[in-house]
C-alpha cells in the first residue's frame, strides 16, 4: 500500500537485536469525550526508538485512551501524534502500521493459529511462500511451533496471548502497543509471559508501549514508566527514578509502600518540625519540582526506616519519631512492623531483619532514618 | 476415571440428593408426553394419507398407491405452482437476506432511542395480522398493477421475511466481539476488508439461518398469496388451498407430505452442516 | 464529530430495509387509513358503521371469545409444559423447545390440511368420541375445531415467555415454603404463581393478540356462518370490493393488535419471545 511502512519494516526487521525502531512523539495531546474532565489532558511525551515504555496508572487515568489515540482507534481533540517525525494524527489505524495486543487477545475465532498469524501478511499481499516462512519463524519465537492448525478455542489463555503476540509482530510493525495484555491471566502465567515479552522486546528491538495498572509489572518490564493520573502524566522516568525519587505524593504512594508525614507550613532551610519532632534536611532529597519548595510531605520507604529501643540508641544526625508496634507481619526473610507514629498515631511501616530481636504488639520503640533517605515531595 | 474422584462425584451426589427431595412428578412427565404428541402427531397424519387410493379425504386411508405423487409430478397446475413458489421464495430469500443483514449490521452499531424504535418498527410485519397486511397490500398493488406478478410476490414476501433475517443476524452479531474489528484494523484491514474477512465469516451462520427462514416464510406464505394470485400465476400454498376449498383434490396429501419433508430437511440442513464442521 | 470509532455513519445500511417496509407496508396501510376516512368525503361513518351494521360486532365478539378460549387453552397446556422445561436436563430441554416450535415452522397448509383430516366428520377424533358413546360431537366446521388447531400453533408464544420467567424463579423458595409448613399446593399458589405472573401476562396478551388475526385456519376449519374477523375482512375486500369499510375494519384490528403487543412488550420479553420463535431452531440447541 504505502511505501513508508514497508521501508520501516525492513529497517527494523533486518537487524534484530540492535536497538532500532520508531520514535513516537505526542505533542500537547488532548482527548475530550465531553465528560466533566478531558480523558487525556494536554500530554506531551516522546517515546524513544526501541524503548520499552509503560503507561502506568489507576483505571480512568487516561493511559488506555492515550494508547488508543496512538493506535488511531480514537480521534484527537487537540494536539498531534508523530511517528518518526511524520504526523499521523489523521491516518486511520489500518495505515499506521502499529501492532496491537489486547487484554482479551482478540484472536479471530474462525481462523487457525497459522491463519491468525498470517492475517496481517495476507493483508499486505506478501507472497505465499514468504508468509509460510515468516509464520513458522514467529511461531518459533513465541514457542508455539506445531500448533499451526489449532483453533484459538483449543488453546489456553497464555497460549492464546502468545499467538496474539506473534500476530502483532509478524508484520514487523513500527511499534507494538500492548493494552493490559496480561490482565486476564493468573499470577504464574503472568510472570512467565512478562519474561517472554521482555525477551521478545530484546530480540525484535522495536518500540513497545505497554499499558498496565500493575506497578510491579511496570517495574519489571520497562525502560521508562509514564505514571498517569487524571489525564495527565504525573511523573516520567526509569523505574528506579520513580521509586527512589518520587516528585509527588501520588507517585510515592502508587509505587511501593511509603511512610508519609504531611507537613503544614514548614520552613525548609535547615530543619523541619513534625508533631514536635525536629528533623534535619539533606538538600539533595528535596525534589526539583518547583512546587516542592513549599514542602508538603516527607516520604520514607519502609526499608529505610530503622528501629531502636530507646532514643539514645539513635545515631546522631538521624531523624527519629517515637512509635508503638501495632502488628507484626512475618514475610519469611524479613518482618514488617506496622507502627503508630507520633502523638497522633500516624500509621507507618518498617522492615526489620529477624536478627534484630523480637518485637511484640504494644512495644514502644523509636523509628529513625537518615535525612538522605527521605524525600520531600509536593502533595 | 479413578484419578479425579472428588470432581467427578461431587456434583453428581448433589444432584441426586436434590432430585430425591424435589422430584419431577410422574403426572407432569406424562402430561409433557401428551403435549408432545399434540404438537407432532397431527402433522404426521398427512403422510399415510398421501398413499391412499381414495378419491376423498377419508380416514383411515385406503390401499397403497403412488398415484397421488404421480399426479403431483405430472399435473401442470401443481408443477407450475411448485416452480412459481420456488422462484418467488428464492428471490425473496436473496433480497430479504441482503436487506435484512445490512439492517442488522447497522442496528448493531447504533444505540439509543432511534435504534430501538427502528428495531421495533422492523418487527411490525411479524406481529401485524397477516390479513390486515394482505388487504392493504392487495388494494395498493391493484393500483400499482403488481398483483399476480413475480415482482409483486417477491416485494410483499420480502417485507414480511426481513424481520426474520434481522432477528437471526442480530443474534449472530450479539456474540460478535467488536474488539476483533480493532484487531483487524491494527493488522492492516480497512473497515470494509475487516467486514469481509472477519465480520462476515463470523456471522455467516446467522445469515444462512436468516436466508433459510426467509425462504420458508415465502415458500409457505398463504394469506398474502391468496390476495395476490392471478389465474396465470399462483403459488403452491394457494393451489393447496384451492384443492381443499374448491376441488377436493387428494393430491394435496402428497403435496403436504412433500412440504413437511422439505421444510424438515431445510431446517435440519444447518444442523447437519454444523455437525460436519465440528467433526472436521 | 469527536469520538466516533466507526469512521462512516451506519444508517445508510438501514435505508433498503426501511424503504421496503415503508413502500410495501406503511404506504399501503396509510393509504388504507386515508381511504377509510375519506370515502365518501371526509367522514368517520365507515368506523361508526362497524358498530351499527349488526354483523361486525357479532363477528368481533365471536373472534374475541375464540381468541380468549385459545389463550386459556394455551395457558393450561403451556404452563405445565414450560415448568417441565425448567426441570429437565439441558439436552431434554432443547428437544422440548424444538418440539414446541415444530407447529410454527411446519407448512401452514399441510398443518391445516392435517387438522381437516383429523377433525372431519368420520375422522379419527370423532370416531374416538363415538367409541366412548358421544355420537353427536362435531369439530369440522365449528369454532371448536378452529380453537384446537389454533391452540397448537399458538403454543410457542405462550411457552417461551413462560419458560424465561419460570426459569428465573429460584426453586428453593418452594422448598423453603414447604419447610415453613405450606402444603405443596399452597406453596405453589403463594410463592411460585405470583413470581410467574409477569410471564403469564406476557404470554396471555401475546397469544390473544396473535389469535385475533387468524385467517387460514378459520377459513378452512370453520364455517362461513360462524366467520371470524379476518374472514369478514377478506370478504369485504375481495367479494364486496368495499375497500373503505374493509379498511376501517382492518385499521381497527391493526390498532388493537399493536396496542396489545406494545403492552405485552412492556410486561417483558414479548419481542424476545418472537425473536426466539423466529430464530428458534438455532437457539433451541442450548
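Points worth noting:
By letter and in written order, the chains are A, B and C; residue numbering begins at 1 in each of them.
Assume a contact is a pair of C-beta atoms (placed from the backbone, for glycine too) under 8 Å apart; a residue touches a chain by one contact, two chains touch by 3 or more.
Predicted model, so just to flag it, every value in this text is computed and none were measured.
Taking the mean of all protein Cα atoms as the centre, the chain whose own Cα mean lies nearest is B.
Distance from the centre of chain C peaks at A, each centre being the average of the chain's Cα atoms.
Centre-to-centre separation of chain A and chain B, using mean CA positions: 55 Å. Chain A and chain C have CA centres that are 60 Å apart.
Between the CA-based centres of chain B and chain C the separation comes to 17 Å, rounded to the whole angstrom. The set of chain A residues touching two or more other chains comprises 73, 92.
Counting partner chains per residue, chain B shows two or more touched chains at residues 191. Annotation for chain C: residues 7 touch two or more other chains. By the touch criterion given at the top, residues 6-8, 10-14, 16-18, 20-21, 23-25, 27-29, 31-32, 35, 77, 80-81, 83-84, 87-88, 96, 99-100, 102-103, 105-118, 120, 122-124, 152, 155, 171, 174-175, 209-210, 212-213, 215-216, 219-220, 230, 233-234, 237-238, 243, 246-247, 250-251, 253-254, 257-258, 261, 271, 274-275, 278-279, 281-283, 285 of chain C touch chain B in their complex.
Interface residues of chain B facing chain A in the complex, by the touch rule stated above, are 177, 179-180, 182-191, 193-194, 197-198, 201-202. Of all the residues in chain B, the ones that touch chain C in their complex are 21-22, 24, 28-29, 31-32, 35-36, 38-40, 42-46, 49, 57-60, 98-100, 102-103, 105-107, 109-110, 118, 120-141, 155-156, 158-159, 162-164, 166-168, 170-171, 191, 205-206, 209, 213, 216, 220-223, 226-227, 237, 240-241, 244-245, 252-253, 255-257, 259-260, 263-264, 267, 270-271. Across the complex, chain B is touched by residues 1, 71-73, 92-95, 97-100, 102, 104, 106-110, 119-120, 123-124, 167-168, 171, 177 of chain A.
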